[in-house]
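Which chain is which? They are A, B, C, D, E, F, G and H, in the order written, and residues in each are numbered from 1.
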């Protein structure tokens, strides 16, 4: 039944510079297997995001064995990875609890061939933790700041570094913070100029946004040479 | 018509330590004049909050002349002020635009006899502004932090000082920040432990909360002596 | 993997007077074990909040045996407790169903060395229950009022006692009250002056706010002596 | 143009016991004049609610002269009033500022021939004001409680009197209370059993609900005789 | 531990005419058993609402045997029931799926000694179902209308009958209707005059509101005789 | 400055069967004049929606004279109108106050050459008004139902007629109904099958949706002949 | 107990052209069995929507054997199907993950005797997928567009085809998109004229809306012949 | 009074590469004049955003004469402008009505020395308008997409170009779209990978985000050379 329900966009890399990833949430196991069939037929590798352990179990055994799965971020790599370029992305996270997001960022970047460097558990309630790492963070052209609850971190970072600063709100919290809406709104309202935002928990998108910046740098450097 | 519509709580100071103030928003001019009649009859002074210029104009001339009005905070003092005690309240505000709130705090404290010290325009997008004043701020047993937009300031302050920290979100903003809900939610979700909150723009309440703390200190010191 | 994901703030007590607690929600078992490793290495005790039974089970056996766990509040003490000071905190709760919050307050206060006294199930639908206890409640410099649903209790208490009054809305309810937003908004809108609020279900924060007040009292009494 | 846009429900009193009133908000002046033409043609009196001063001015002079208008409640009576029956409705209001609602209740009841008794400015932040009037309030079979902000009053009243208790939230407030949603939600979540609610500021509806109860009493008494 | 956490309001019937019921949601099994201990000690019967099957199982065997439990409404009667008076309450429900609410109404009324008559599955998408029952419905002094989704039924009923009309929105639905907020808002916005509302799914409260009306009728008839 | 800010879609009629209309809200007067310049240059007529009286005044005199403006619906016709086809659209509206919407529907239909028939002020609180017109309404292949507040009318109509039924919620209301969200949600949750919805107050869109249906009928009939 | 709780509307097809379907969500198993009893007694077939696997299992064995169940859409056909007419409905879906909705549309259409054609996984992030199918889509008088997340697809389709365009937002998503509210609001705000909307995930309603259009076409063609 | 209320951050350019701008909304005229005094004293130029015509009028005459004000975007330049670098920023806007935002972007970029190129009124309801400009748009390393209502444009652009894509939702709309929340949520939920977002109407921030990217390119090219 799933066959006519799938139309992969294999032309995406040609248009925008990186391949389509598979958003697994809500897909049936038959659909996921059919997607893997098509990838194999095209000789393509795949990144699957938001793949639940239950979905993983349902994949055909031949595919399951070829998949590198990380359960906290629920990301899966199918097929061989390309080499990893040196880190130009800093991932700064307010809390340890946000691992499901910052690992998704790092894994997405890695899938597309980019290294990254993590600065974790540096929330502003103990601001010394951030201040002593600012010089290291600054050396990256792109800084992704992951923060839940009150999400004060992106504003502080955005006021201290001149790099591209991308905020990712996270959903971990309770009371008014449950689901991450306050974190999202706090970053959207940031008093630091030019901090951009992605959807709550969208580590995948943040990595893609960072890669768009790196591509812009690379195209420009290439032109300059 | 307004006569039976008013029941002042002249017993409040006896119960909780400070007198009722008049929340003017939504009251008719007749009602406000009747309230002033009653205060005069009791020989009482009055603090009126959220008194619009239009309402002020509508007051009986005999009262208008006795009123000290500050238009940005829309606060009015009727009757003689008690003496001002030395400042034990720090008012820390992220932005100049929040004057309508931080002036209400200072004026309310003043009405009830308490001095205060202001540290304004020290938002965390330029965090040096706050850091160079932390030692001064710390010397106050109560610190009221006023912040709109992303309201990152209360968390940073709450992580740096051990005083009682009270956050007041403000409504000045636009887009998702219009009305102050994100600022409120950010303070409620603060990662700094024990930061309490009041309603958006509630400078009056913040001053009262501070005074409750000062009363607790004074009662305790008195008992200790 | 969890190793670089943790940066404990062991300097917090020096800055603000009490140590960092561990917010367990969303943390993996590996991360929690690594945190306990670090605490042991520093010879530190720990308070863990929002620790689920499942997380508890996942802790290393050596730690699990040293933990005092209360399942309704989901709080855990690791390591020896300091002595308990006489109660200066009244915990007033509208309903029996709010035990998951009022027990978190009492346990947090206890962890930091403070006793507390509970007045439970005194909601205003039967207001005699509160009125007959007002004199006892008044004797505490800090009163924490826990209330869900319509949260009318903090206003009534705030109008009857001059102590510091801190409201904690709770999430237990249904229909519009599910999640606790109406309780939160009711306390934020309280007609009693100077009642402050914490996030929904934030018993931990309420205890910390109370301790900030007690510290202010103690510092001031010390200075006065 | 307005002619075919109006279909008055002159049969309503026959069906449910009281006549249609005209909700004026959003109607053009031509439409209102046409409605008055029809009422005159039927020899009917009319109650107009939410009639703005600007709309009033736009009415034909012949009608304007026959109208009794109260500007705070924005209610208008057209035509002769029926006699007033003794009061069986208590109107209890937390604040003076809610006059635009409690006057609408009293005026609507009056239009339909029912007296009412007002107990105003008896909010629970000074609970003695309510307690000293409970015995008087109890004597009314229907008690309408008007309250904005945290709307704690309906719960306290509902726990003290056995009459029919109808809550009306009001929109006067600021911050989270602006617009009256917290007041509405607080009454909906009331811990006092059997307190019903109407839309924010719906004084007209509250009076109608009270009249339905009085009709039920009267029909039943009639049957009993 | 649960002992000091319970303060039953055994005086409620004296004040308002019916006894306190136990809202079971969120209570621990120990707390429920302690409540039953107290009821037994006072020789009181009890109504427990929102009692989950899991909570029921946890009750002491001695109590479980004396309980009449209905699982769809999750209501439990403990102790002997008083006799049932003839039905003066019509329960009109739009859909079969709302059984969890309309059965709670009927059971609550029954617990307090009142009969009721049900008119179920008469939603307005097939309006003949309602129209052919209007004459029967009208004979009841109180009509409770239960409706979810678009909740059009209370307005239609309110325009057809002169009885007291009480609306109860229900949470059963999906998309925007999930949770019942649109049903609640629709009834609050009803164009039929004097329709009152309770919280979403609050069948217990609706029955209590109906009983308040019946008491008002009875008190009045008594006076008339 | 406005010149490069406008790119009219003169190819729209070729693609979808009717021409682009100009949504005037938020446009400057210079922009509107430039749009009219372009229309004149193409010999095109124009429909302008949401044109405020202030914007109308700002138009160049040469254009203002050629415009047919209706102020309640804020619609303007520029240029000659095409002939009017017989009515196949019924516009059914719950209230007189919704004229700003139902006139926009009728005027939009008229601009595109379609007649329509209005059935106004037939809300379900007096359901006889609707029932006596059902046979007339049914004769139209498309029925647009305009309703604010509780928006019960579309469900009742959708259960009585087999035509295409399109609901338009309106923003006129107060309290929870202000802005029209409950009306929108009520129609979205309609228990009558196959009732579709447009944005609040979107009379223009409703007329366009009706025209799409009429085109489908006409294309099909053409094919059938 | 369920017997008086069911009032089927067997007259619906006579009024509006298609039979009532059973919305199973929230119904007890007894109620569903009773509904099937009644259908059998009338010799009627039935469509059951939102029937969970657990409910299916609970049906009487005699019914379960006669039911054609599709688990992703949770739809069930009871009784013999009528013949399928040629497809005049295009179902266009942005994503594979929306199968639970687009299959409900196709199955509902099929139940009522209408074929349909699917164009799946043609979201606008790879717009070539849609553009290459526009000519095929256009040949259908009704186009149902299913889209979650940002729901950009209905606007693009609505700007490219002149058919009746009906949007169905879906709930599959995360962060702000969880639950489908942004998709709903995006379609309601569509810049393409005359795109109508149904409730989130309401595939059943979309099929019914399409059938109303097809009936209008058929009645009109019939009249033309 | 305003003197101590201002603490300008003249060190910002040193930290992050561009100077502080003045957010004028909510500032009093005295505060704005004092800010200009300080700028003059430092010999600094200033960008003022969200400066209302009323505020402009209130500035000291000496300043007003030196200000270049654009009323639609409400932006003001004080002091001499630096030279304009060639355009590397594409500003793509769905509608003419969004001029208040896209002009703020262009003016902010210009103030900081960056040219930009505008592609306006290219919404996806007439997608040919965008498709014929894609090649031009692609040549810019940064593309800012401005869109209100359903905000479908950023997704389509993000799927067609590999540049950095930054979305800015706008508040112009009505019904559910009023205020811009659906546009914001649509961009946050974008199916095109790596599209980032700013607050509703935040043209200033979008320009700053673009400049951060250009700085990253320039720093990198500099390093490469």
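One rule holds in what follows: contacts are C-beta pairs under 8 Å (C-beta built on N, C-alpha and C of every residue); 3 or more make two chains touch, one makes a residue touch a chain.
Model, not experiment: these values are computed from the prediction.
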Please give the intersection of the contact partners of chain A with those of chain E.
C, G
Greatest separation from chain E - chain, by CA centre
H
Interface copy of B-H among A-B, B-C or B-D, with over half of contact pairs matching by residue number, is B-D
Going by the average position of its CA atoms, which chain sits the greatest distance from chain B?
G
Compute the distance, rounded to whole Å, between the mean C-alpha positions of chain C and chain F.
56
Round to the nearest whole Å and give the separation of the Cα centres of chain F and chain G.
26
Centroid distance [mean C-alpha coordinates] between chain H and chain F, Å:
35
Two or more partner chains touched - positions in chain H
12, 15, 95, 125-126, 158-160, 173, 175-177, 181, 184, 188-190, 192-193, 199-200, 202
Going by the touch rule stated at the top, which chains touch which?
A-B, A-C, A-G, A-H, B-C, B-D, B-H, C-D, C-E, D-E, D-F, E-F, E-G, F-G, F-H, G-H
Could you please specify the touching residues of chain G with respect to chain E in the complex?
2, 4-9, 11-12, 15, 20, 23, 25-28, 31, 35, 50, 169, 171, 179-181, 184, 199-202
Touch list for chain D against partner chain B, complex
72, 95-100, 118, 120-122, 125-126, 128-129, 172-178
Which of the residues in chain C end up touching chain B in this complex?
12, 15-18, 21, 141-142, 158-166, 184, 188-190, 192-200, 202, 204-213, 215-217, 219-221, 224-225
List the residues on chain D that touch chain C in their complex, please.
94-95, 123-127, 149-152, 155-156, 158-160, 173, 175-177, 181-183, 185-193
